[in-house]
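In the two assemblies presented below, subunit A is common to both, partnered first by subunit B and then by subunit C.
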Partner chain A sequence: MKRVDLIVIGAGPSGLSAAIEAAKTGMSVLVFDENARPGGQLFKQIHKFFGSKEHKAKIRGFVIGQQLLKEAEDAGVQVSLESTVIGIYPEREVVVRKYVETPAADGTDPQEPSSRHEAVFHYKADAILVATGASENMVMFDGWTLPGVMGAGAAQTLMNLHGVRPGKRVLMLGSGNVGLVVSFQLLQAGCQVAALVDAAPKIGGYGVHAAKVARCGVPFYLSHTIKKVEGTNHVTGVTIAEVDSHFQFIPGTEKHFDVDTVCVAVGLSPMSQLLKMAGCEMDNSGKGGGQIPVVDAAGQTSVPGIFAAGDVAGIEEASSAMIEGRMAGIRIAEYLGYETKEAGEAEFSKEEASLEGLRQGMFAPQNRGMKIEKTEEGIPISTNLLKHGFVADDEIGRFPGVTHKAGIHPVMECTQNIPCNPCQDACAKHCIHIGLNITALPAVEEGSTCIGCGMCVASCSGQAIFLVNEHTKEGCAEVTLPYEFLPLPKAGDEGFGMSRSGKPVCRAKVVKVRTSKAFDHTALLTIEVPEDMAMKARFYRSRLECTGGDSVIAQSRIKGAEVSQNGATGDRPCESKAAAESEKREEGAAI
Partner chain B sequence: MAGSDLRISEHPILGQTKEGREVTFTYDGRPLTGYEGEPIAAALRAAGVMVHRYTAKKHTPRGIFCAIGRCTDCVMIVDGEPNVRTCMTPLREGMKVQTQYGVSSRPEVTP
Partner chain C sequence: MRTDRSKDLGPCLPMEGDDRIVCRCEEVTQGEIRQAVHDGMFTMTEIRRYLRCGMGLCQGQTCSRLVSGIVARELGIRPGELRPASSRAPMRPLEMSIWANECQAPDGAAETKKGGAGDEKC
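On to the complex of A and B.
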């Protein structure tokens, strides 16, 4: 039996963070993970994270994963992969199932090649940290077992880790952050998203995540759920229907979509079985997303020497899991005498404060299930955002980031209190004010001068910041927006300005496309639109590269035709003759 | 893989997809190609295969469901061994991958 100071189960964000903190104090640390590569779910997260600098805000999840791995390596953390912990026994004995390679006898007998076998190994540690994370929940609708129905995380794994699209056309069930983020990632991977559906009457995740999906033209169906997934051997379609306040189907409200994939994002459950097996006192109240261990602030369970951190101790997010892991690692080092009480406490309280900073705002754990009607600033929240995924035209003006001004200026369509402040730091000209309370809505600093550098646009993890020049020349305005799709439009391209709801509202011409290392794969597209569209056009679509579905392509064509027919924009100076010509050609091509 | 419209060749955030060595394997006797080291399930999905197995009792199809080795829906017979989680098992040259019926490689006769 091999002995170490600390065994960590799970090489995800919390497990690695704990291992790093412990190893830094000189402890021998061994991390087990059943996967072929470490990092847990971090490497599937390709969006920029929220929070502030200390939480690694505006850095993409997979990059945070790379940083964490480097840090673990530097600290001398040992990670044993493809190693599944199958039991924790008394006196902190850990049983691990691993693969062993049996070499071919002498290589001459082709009937006896080298083979892989499972074998069981025993380890013992003075402390154990269980950081096994969570698994996806499911809903059992008719047809839920058909190939093509999968967890949203599964879709994310296929496309972001393995470079394979889960399907061509997808319906997403679940409007929490996972459902919203994965829907956007499906669009980025080149899939069509037919609809985003949730049985709840309002969107569960961040409004900014919903808004980026909505402006791509994906329709939201709240108070709807899946009635039946169709197909014999695999998914060929899905029928959804509206539900009443008791979640019962309302007859006659069925809607059908032809899809080959249905993704389910209906929450996560902690994988706490090992802790229960180890005899830890468990909390079954359901407030942590399922059965969770009873732990103190450092993750110490009721069994001395056994700790838990990350999602297994209550579903939150990767950013908080990393801090919880560090806190557990520091406390374990203290517990085993590798760290003095004083030094440990100082570090611990620093992490604790950082975690506290993340657990603020409308989506904080303590606000789960609460009905919030006003922001911290006392502004009524957008009801349209909660129902349809975008802030309505008559709502957007009441938020402090949305102001009018001559010349270029930032417009921050950030309407919910979430702990995030990279935009404030991004602006060298101090145009953006959030203050010390990082959940405050960003406001435009009076008297400041925007130089149009676009750093705020690229730094906004929610892609909610736009640079707007409401009047560039007679009848024209320019909008600079974040763009994370391929192919990247080029200056001179002509297409459509899309509203927050993803509907084409005007013709638009790309006047500038900026990419930069500092923008981290977020391109900045500047489009020229009619003046009255300056506060309405929030996305750009070229003619046929509509990632949101065929219906949107058709709509674009019709709307475009309408625009030129009724002459609403036809006379405007920014509608060049070339643009009109090109549209004619495009209509022809599309028919 | 050339020919598969489900492969992402270039991604706006992740860039060019890193591909391993192209290898050949068989799926129910049919030769398919994939990239060495990627999960068998990913190679099958890219090749258009969605059914991994049929259940023992009701003979209903199953495919990729969790993709992280939790649910065991994607198990198949790999090199003669049943119940291999294809989402976790790296693809290797010459692998013999078969649809699993219950725990067998042959469809059972339904009464």
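On to the complex of A and C.
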């Protein structure tokens, strides 16, 4: 039987972080993961993370995964993949199903490659950390077993790990951060998102995530849920209906969508069975998203030597899972005598403070289910954002990041207190102020001068910062917005300026497209719009995108939407000069 | 946690969605689960043994939450009050041929501080 100091089960964010901390103290650490790739869910996360610098904010999830793997390798952590832990037995014995490689006869003949078969192995450790994460919840409705109904995480795996589009037209159930983030990634992958539906009366995830989906034209249906998914061999359509405060369907409120995919993002359940089998005291009250072990701040369970960290000990997100993992790793090193109590304590409290920093603001665990009416600054929250996914025109002006000024200046449409502050550090000219309180809304610093570098726009994980020049020339304004779709528009392209709700509000001309390593794959699109649209146009769609029968613009044209009214009259003054201007700018564009 | 067996649940009346499959691996419907509760299966362990829901390929990863919701509703209690089914090895479905193929990883402490999963002979 192989013996090591620490066995970690699960090579996700918390498991790897714990393994790194433990291995740094000289412990022998072995990590098992049943998947073929390490990193847990991190490699599916193509969006930029929230938080502060210490939480790796504004770095994309998969990059954090790469960094963790590198760190683990440097620390001497051994990761055993395709290794499924099938049980934890008394005295910390771990039984693993994994492959055994049998080398070919002489080991050199390429015609006779080594064969592999599976077997069961026994290991023993002085400490075990269970970091097995969570699995997706499902809800039942007629047709929920049809091919085409899948978890949002499954759709994300298809797209971001395997490069497969889950479908052409998708309905998303669930408006938590998973539902919102995956909806946006579906759009990025070229799928249409027909609707975002949630039985709750308000959007559960971050407003900034909702806003970037809404401005792509995705309608939100709150207090709605799926009544029926149609199809015989696969999904062909879905019917949703409104629900009352007791989640009962209201007759006559049915709405039908032709879709081929339904994604379900209704929460996660901890995969805690191993801990239960090991005899750990469990909490079944449901507060951690399901059955969770009873643990202390370091993840120590009721069984000495067995620890738990990450989603398995209560559903949160990757950033807090990484810190929890580090805390557990430090405490385990202390427990086994590889770290002095004093040194461990110092490191531990540093991580604890960092975790505390993430658990602040409107979405903090202690605020779950609370009705929040005002921000920390005392500003009434945007109710339209919670109901429809975007801040209404008459609400946006009351937030401190939204100010008017001559010349180019940042407009931060960040309206909820969330623990995030990369924008503050991004601005070399100190135009953006958040202060020491990480959840404070970003405000425009009085007397500062914006040079239009765009670093703040690219640094905002919520894509909520815009550079606005409200008057560039007669009747014209320019808006610089974050753009993460391919193909990138080119300077000179013409299309439409889209409102926060994703409706075309004016003609728009692309005057500049900036990409740079520092922007980390977020392109900065500068569009020229009519002056009165400077504070309304927040997204761009090309003419080409508007020709399809399904496109937002084609549909709204049929309904006689604003394009013909606003667009035709508003942008005429810009037209002629803009063309010449944009050519000049194109040369200078940093591509 | 003692299960109250004297509870009178009344007759098992048909409900919307009774023909819906809840446990996909073992193809158990909502109606079957409800009937099982009325037949006297008051705990998740009993339901599992009686109907096999949660005993298939996914080991209840998808349906156990749904099943406990249905059982709790039938019993008029909160799902959290229901004792979860026991957890036992193997945690994941395992072919008997692999289960029987026990290998000894080399004994002794890790040779280097780097630990290691290699070197197993089978």
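In this section, the second predicted complex is superposed on the first by the 533 of 591 C-alpha atoms of A that agree within 3 Å, B and C clash if a C-alpha of one lies under 4 Å from a C-alpha of the other, contacts with A are read in each partner's own complex, and residues count from 1 in each chain.
Simple rule for what comes next: a contact is a pair of C-beta atoms (placed from the backbone, for glycine too) under 8 Å apart; a residue touches a chain by one contact, two chains touch by 3 or more.
The shown structure was predicted, so the numbers you read here are calculated from the model rather than taken from an experiment.
In the superposed model, A:121 makes contact with subunit C only, not with subunit B. In the superposed model, A:135 makes contact with both subunit B and subunit C. Judged by the number of subunit A residues each one touches, C leads among subunit B and subunit C. Contacts of A:145 after superposition on the shared chain: both subunit B and subunit C are touched. In the superposition on chain A, A:335 contacts neither subunit B nor subunit C. Touch criterion met: A:34 reaches subunit B and subunit C at once. After overlaying the two complexes on the shared chain, residue contacts for A:60 are found with subunit B alone; subunit C is out of touch.
Of the two partner chains placed by the overlay, only subunit B lies in contact with A:163; subunit C stays clear of it.
In the superposed model, A:273 makes contact with subunit C only, not with subunit B. Of the two partner chains, neither subunit B nor subunit C is touched by A:49.
Residues common to the contacts of subunit A with subunit B and with subunit C across the two structures: 34, 135, 145. Of all the residues in subunit A, the ones that touch subunit B in their complex are 34-36, 46, 60, 62, 135-136, 145-151, 153-155, 157-160, 162-168, 188-190, 233-234, 484-486, 488, 521. Within the complex formed with subunit A, the subunit B residues making contact are 5-8, 10-14, 17-19, 38-39, 42, 45-46, 50-52, 60-70, 73, 87-88, 90. Touching subunit A in their complex are the following residues of subunit C: 17, 20-22, 24, 30, 59, 61-63, 65-66, 79-80, 82-84, 86-92, 94-95, 98-99, 101-110, 112-117, 120, 122.
Subunit A meets subunit C in the complex at residues 1-5, 23, 26-30, 34, 76-78, 80, 83-87, 89, 95, 97-98, 100, 117-123, 135, 137-140, 142, 144-145, 269, 271, 273-274, 276-277, 282, 284-286, 290-291.
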